[in-house]
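In what follows, chain A forms one complex with chain B and a second complex with chain C.
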Partner chain A sequence: MKVIMEVRERHRPNLPIEAECIVPKNFVGPERTFYVWKGNKKLDIRDVFHIRRDGHANSVDKVEIIIRGDSSHIKRIGEYMDGGRITIEGDIGMHCGNFMSDGVIEIMGSADSWLGREMNGGKIICHGDAADYVGSGYRGEKRGMKGGTIEIMGDVGDFAGETLAGGEIVIHGDAGDMPGVDMKDGILVIRGDCSRACGNMTGGTCTVLGTVHDMLPTFRNEGTEQRGEHVLTKFSGDHISRGLGTLYINNFKYMD
Partner chain B sequence: MRIIEDMVCPFCGCLCDDVILTIENDMIIAADNCCTVGNAKFLGKKRLKSPIIKKDGVWEQTGYDEAIQYTVDTLLDADRPLMFGWSGTHGEAQCIGIHMNELIGGVIDSTTSVCHGPSILAIQEVGHPGCTLGQVKNRADLIIYWGCNPVEGHPRHMSRYTVYADGYFLQNSFKERKVIVVDVRETETAGIADEFVRVKPGGDFAVISALRAIIRGKGDIIPESVAGVSREQLVRVAELCKTCKFGALFFGLGLTMVKGKYKNISNAIELVDELNRHTKFTLTPMRGHWNVYGSNEVFTWMTGYPYAVDFCRGVAFYNPGETSAIDILARKECDACLVVASDPGAHFPRACVEHMKDIPTIVIDPFQTLTTTVADLQIPVAVTGIDAEGTAYRMDGIPLKVKKALDSNYPSDTEILSKMYEKMLEVQWQ
Partner chain C sequence: MSELLIKNGYVIDPLNDIHGEIMDIAVRDGRIVESVGNAADIIDAHGMLTLPGGIDSHTHICGTKVNFGRYMSPEDMRAGRTTRKGDMHATSGFSVPTTYGNSYRYSRMGYTTLLEGAMAPMEARHTHEEFQYTPLQDCMANTLFDGNWQALEAIGNGDIKRLAGVLAWYLTASKGFAVKLTNPGGTEAWGFGNDVSCINDKIEHFNVSPREIITGMIEANEMLNLPHSVHLHCNNLGKPGNYLCTLDTYNSIPDLNEKRQSLYSTHVQFHSYGGTSWHDFCSKAEDIARSVNNKPQIVIDSGQVMFGKTTTMTADGPMEFNLYRLYHNKWSNHDVELETGSGIIPVLYRRKNLVNAVMWAIGLELALLVDSPWQCILATDNPNGAPFVKYPEVMALLMSKKYRDAEFATVDPATESRVSLPALDRELDWEEIAIATRAAQAKALGLVDYGKGHLGIGADADIAIYPIDVSSTDPTTDYETIINGFSTTDYTIKLGHVVSRKGTCSIDNSNRTFWVRPRVPDNYDMNHDPAFIDCFNKYYSMRMANYPVQEEYAVRNICIETEATL
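Coming up: the complex of A and B.
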């Protein structure tokens, strides 16, 4: 079953809409009424979206939600998603795929901050760029993303994979400052450049195929190693904590 | 002529409580014991006489009742109002502000989000090994100022609490105390330091990490130079820290508002934690506004969160970066703004100020500020510490009663906000 949701033209398009009700499980079975929030106003979902349902689904895996139009200020889509598929044809607002445990979210445009925050499973593919805190935790949280996969075709902002505790994040472009900071476990792959990777990491593996600028001084150089088609320098660290993490880096520059 | 002693200075987070004011003809004519900035505040003139409203681009005087009604209508009409400021007013007014925000379903944020917000985020991650300034004054024999310049920013900090203060448990305080200053340039404070560590901009995280590694006995992995600091100096600093009897680390916006932000602070806190395995060490943020710590206290006991609280959906939601004033204004996510006791017009990025100009903006402030120029209405109020009184929190979390020196016809922030809140309640009941 396909649910096509087209964002209607809005008077003040910058006012964010919180639409955590847009998850495949809510479209299984008979049609129900849902509400979204525009600031302090509770609105019928049909005031914000033009909705068309093609077919009927009796299980969550058969539901595909397609979001069209300017969805760059729609927040929390796919929160607690546990199956099915969401395709976003444009950009998407903050907190897309928060806490998701299964299913696929595909974003054809770019994603705002906190993409896949504290995610447990499933897959997010973003064809554009993503802003800060991809696959991170909430403020003060010790463990961020715990499972699943996030793949970003473009660049990402700062603090990608902060407190990463499981799963895999693959960034095909560049990452900003401090990717993998406080990382506990899991896999982080950055195909481009970044700065100050994996500060205070206590576990997990991070691979940077570009250059790490301002490389942190508390990682121990363990020599080179063949990793697939690349010869990379292996570092252990971060030695300000137990130093059980591993960094594979193509190029690095210290701030000396 | 009248002399009032032990007045609290309402300027910076030091909240000096030994100010002597001389009053003549209902005017403060002298403020003794004050620093230059505090003096300027006590002797400040050019206060706005009555509320002013902008009509067709021209300022007109208006009455308090009309101004209150305009504010109530504007805020109740908004889908996502933002209430910003709060650090320059007393705790009682902050309480009413939060009640008001909950009622109208808005976002409330204090100036914390542009100063020590990162410190709070870090404290939420790794805790706060802090103490009162009295402890520092009487016990500390090592003072570190990191990314702050108290000589110019908190002029009496060193004489009241650290370098020049007499310590009860120190024989000769001035001689026994060592001072380390870490900064990107040689400030006035660096001039009095026993050890000045000059870090390259953005290198603080690496330097803190290097110190942590040295203290953990892993100094062998540290390169010859880290962000402009030689390994010898890092080892020397680490040794000074480990061998002191009581160390106190003070840090300012040079650590919170640079690359890495709250990760710098959490690293610094973990450094202090590490040092506590060798000696006694504490950490205190150098808070700027006199009651910014109070805003965090009040926000926390009323909403559960210290700043940037979003009540749009009726329950408190907190996520700095999303619900903080700069982000909301820059992304044009609010449609009305109330500024209380602060001057975002002077300190916020251009895009934020431009949005404030585009939406209805109301300012509650005794003086004409740069925010006035982008506002639609300004309501003058009494100044806490001069003609209004209330509770304020010092930078170490000590609440102090800020007394008033004279009476005036200006209403206090509490009075103005209470009237607004009552009117809003009336509208809600209808």
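Coming up: the complex of A and C.
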């Protein structure tokens, strides 16, 4: 079953809309009405989207939601998603795939901050760039993403994989400042450059195939190691917090 | 004139010797009266347990350190969110909720009076501001004196009358209610990177020991004829083997007051540890309880620990530093000029952690081993041991051996060799619970004469009506009923108004702040004392004239004036 949701032309397209109801499990079985929030106003979802349903599904895995149009300010899509598929043809707003535990979200454009925050399972593929806090935890929490996979084809902003506690994040482009900060477990791969990687990390593995700028001095250089086709420098740390994490880096530069 | 008649409630009022009678309670204009007219509103409390409004005699709900707990724990704010509903504001937070969150949740449990456990006098304004936004309870605050330079100097010189003058000035200036000592001497030593190991260590510069501070303060407190006694958080909190220090402290407490205790010892669970390290850590609740049973001059509260997430906050800075070294979690530490300090750390008490399980058992042991419920008050030192919303569970644990055994089966099995809890058969009855949750507090705080903790004629009409049918409930087996019943009242009445109805609260702007103003002779009035003024000018960052909390900060207040005998 396909649900095609086309964002209607909006009078003020920069006002964010909170649409946590857009998740495949809500489209299983008979048709229901849903509401979204714009600021403190509650709107019928049909005021924001033109919705077309093709077919009928009785299990969540058969549902595919396709979002078209300018969805760059639609937030919380795929929150608590537990199966099925969401395809976003353009850009997507903040908090996409929060807490998701299964299923696939594919974003053809770019994603805003907090993509896959605190996710537990499933897969997110983003063909463009992603902003800050990809696969991170939330304010004050000690453990962020605990399972699943996030793959970003472009660049990401700061704090990617903050408090990462499981699962895998692969970034094909560059990452910003402090990727993997407070990382507890899991795998973080950055194929481009970044700066100050993995501060305060206590576990897990981070691989940077580009250059780490402003390398933190609290990691210990353990020599080089062959990793797949690359020869990388291995670091242990972060020793400032008795860390047992591992950092594999192609190039690194300490702060002048 | 508003009149209210509560009919056919099952009333327990320990202070007036009412031990479970079906009776009516008449209320006029916020007070309990003999009878009311026919036009009175009627509440049918048939088959419901009707008690005086609950009193928490040691909780941390308002003030600078509570607020710091709020902003260093955004994850806690996320944990207990409720939306706006009718008159009720939106709230958030679990262990350190917003002021409205505290007020609604306490009111829902039938609590109408709260004592903020520790207020640094210099930061008293913040506490009083938050009291205003705790709309459904009367509040009062303990004022911290553990590291007060002027007080320590008077003690060092052996001048207890001058000490009384200093206490009087600070209590009046901060609109505080009682004298609080938190790790006396220890927080002052911590300002220089040290701590005290027990009550006989001398503190640098002032050359006084915690023992001298405690006994001196008790003497001065009684000279001022204050309603409450000295409120003490002993030295060495949370260290294995600290029970010896606690016993030593208790042994030096004189009995100076006929009406109430001379020392209120708070969160004693944290002070009843045996062993020499965390490896041989064990319960010494029996020794502590025996000491308390022999000393009518001491009242304790248990400081029960319950499993789950919470936030610890205390003026005991060095203790929080030790906790930080144990958990490596985020923490904060704070120094308050010439007075005291504080520290905050979020913690998680786990069933499967041996130390945590032993702590949980010690709190229960204390409550069961202290013979008189008047001497062992039920409290969790909210939020240090657990958020106050866990009180109903604590009550059920104390009332039901079956529930205790069921819970005990879920904790670390090694606990059994460290505690005596499984051997204790005592089960508190309804009256003992009523004493340990309201009457004993009112007596210990000296507020019986001010209409708190009882339902006699002229008392404040603070009444909690719980949906528990005592005749058909066996607390030893129906512990679920106990927990549910004590969690949400059918009616919580505050000064004659229903402020909470089955958990839905309404606005009631009759909350008041209680504070004390001891009158001292002119030669002990610190306002005109050159040495006191000189110390202020030299060391405080604040002018003495700007220091006292203005009337505006305590909008509806009840000032308890006492005449000092100096």
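The rule we apply is simple: the second predicted complex is superposed on the first by the 256 of 256 C-alpha atoms of A that agree within 3 Å, B and C clash if a C-alpha of one lies under 4 Å from a C-alpha of the other, contacts with A are read in each partner's own complex, and residues count from 1 in each chain.
Here is the rule we use: a contact is a pair of C-beta atoms (placed from the backbone, for glycine too) under 8 Å apart; a residue touches a chain by one contact, two chains touch by 3 or more.
In this text, all values refer to a predicted model and were calculated from it rather than measured experimentally.
*Asks:* Following the superposition defined at the top, how do chain B and chain C come out on chain A, clash or fit?
*Replies:* With chain A as the common anchor, chain B and chain C collide in the superposed model.
*Asks:* State whether A:228 touches chain B only (first), chain C only (second), both chains, or neither.
*Replies:* In the superposed model, A:228 contacts neither chain B nor chain C.
*Asks:* Check the residue A:30 against both partner chains and state whether it touches chain B (first), chain C (second), both, or neither.
*Replies:* In the superposition, A:30 contacts neither chain B nor chain C.
*Asks:* Give one of first, second, both or neither to describe whether A:216 is in contact with chain B, with chain C, with both, or with none.
*Replies:* Touch status of A:216: first partner only.
*Asks:* Who does A:200 touch here: chain B (first), chain C (second), both, or neither?
*Replies:* Only chain B is touched by A:200; chain C is not.
*Asks:* Comparing chain B against chain C, which has contacts with more of the residues in chain A?
*Replies:* B
*Asks:* Output check: A:239 vs chain B and chain C. Expected answer is one of first, second, both, neither. What do you get?
*Replies:* After superposing on A, A:239 lies in contact with chain B but is clear of chain C.
*Asks:* Is A:138 in contact with chain B, with chain C, with both, or with neither (first, second, both, neither)?
*Replies:* Touch partners of A:138: chain B and chain C.
*Asks:* To test your reading of the overlay: chain C has the stretches 333-341, 459-467 or 549-557, and exactly one clashes with chain B. Name it.
*Replies:* With chain A aligned, chain C clashes with chain B through residues 333-341.
*Asks:* With the touch criterion stated at the top, can you tell me which chain A residues are shared between the chain B interface and the chain C interface?
*Replies:* 138-140, 142
*Asks:* For chain A, which residues count as touching chain B in their complex?
*Replies:* Touch residues, chain A against chain B: 12, 14-16, 18, 37-41, 73, 94, 113-114, 132-133, 138-140, 142, 177-178, 181-182, 196, 199-200, 214, 216-220, 238-240, 254-256.
*Asks:* For chain B, which residues are in contact with chain A within the complex?
*Replies:* Going by the criterion above, the answer is residues 78-80, 104-106, 121, 124-125, 200, 202-203, 205-206, 209-210, 212-213, 216, 218, 221-228, 259-260, 263, 266-267, 270, 311-314, 318-322, 331-333, 335.
*Asks:* Could you list, by residue number, the parts of chain A that touch chain C in their complex?
*Replies:* Interface residues on the chain A side: 138-142, 241-242.
*Asks:* Inside the complex, what are the residues of chain C that reach chain A?
*Replies:* On the chain C side, the touching residues are 72-78, 328.
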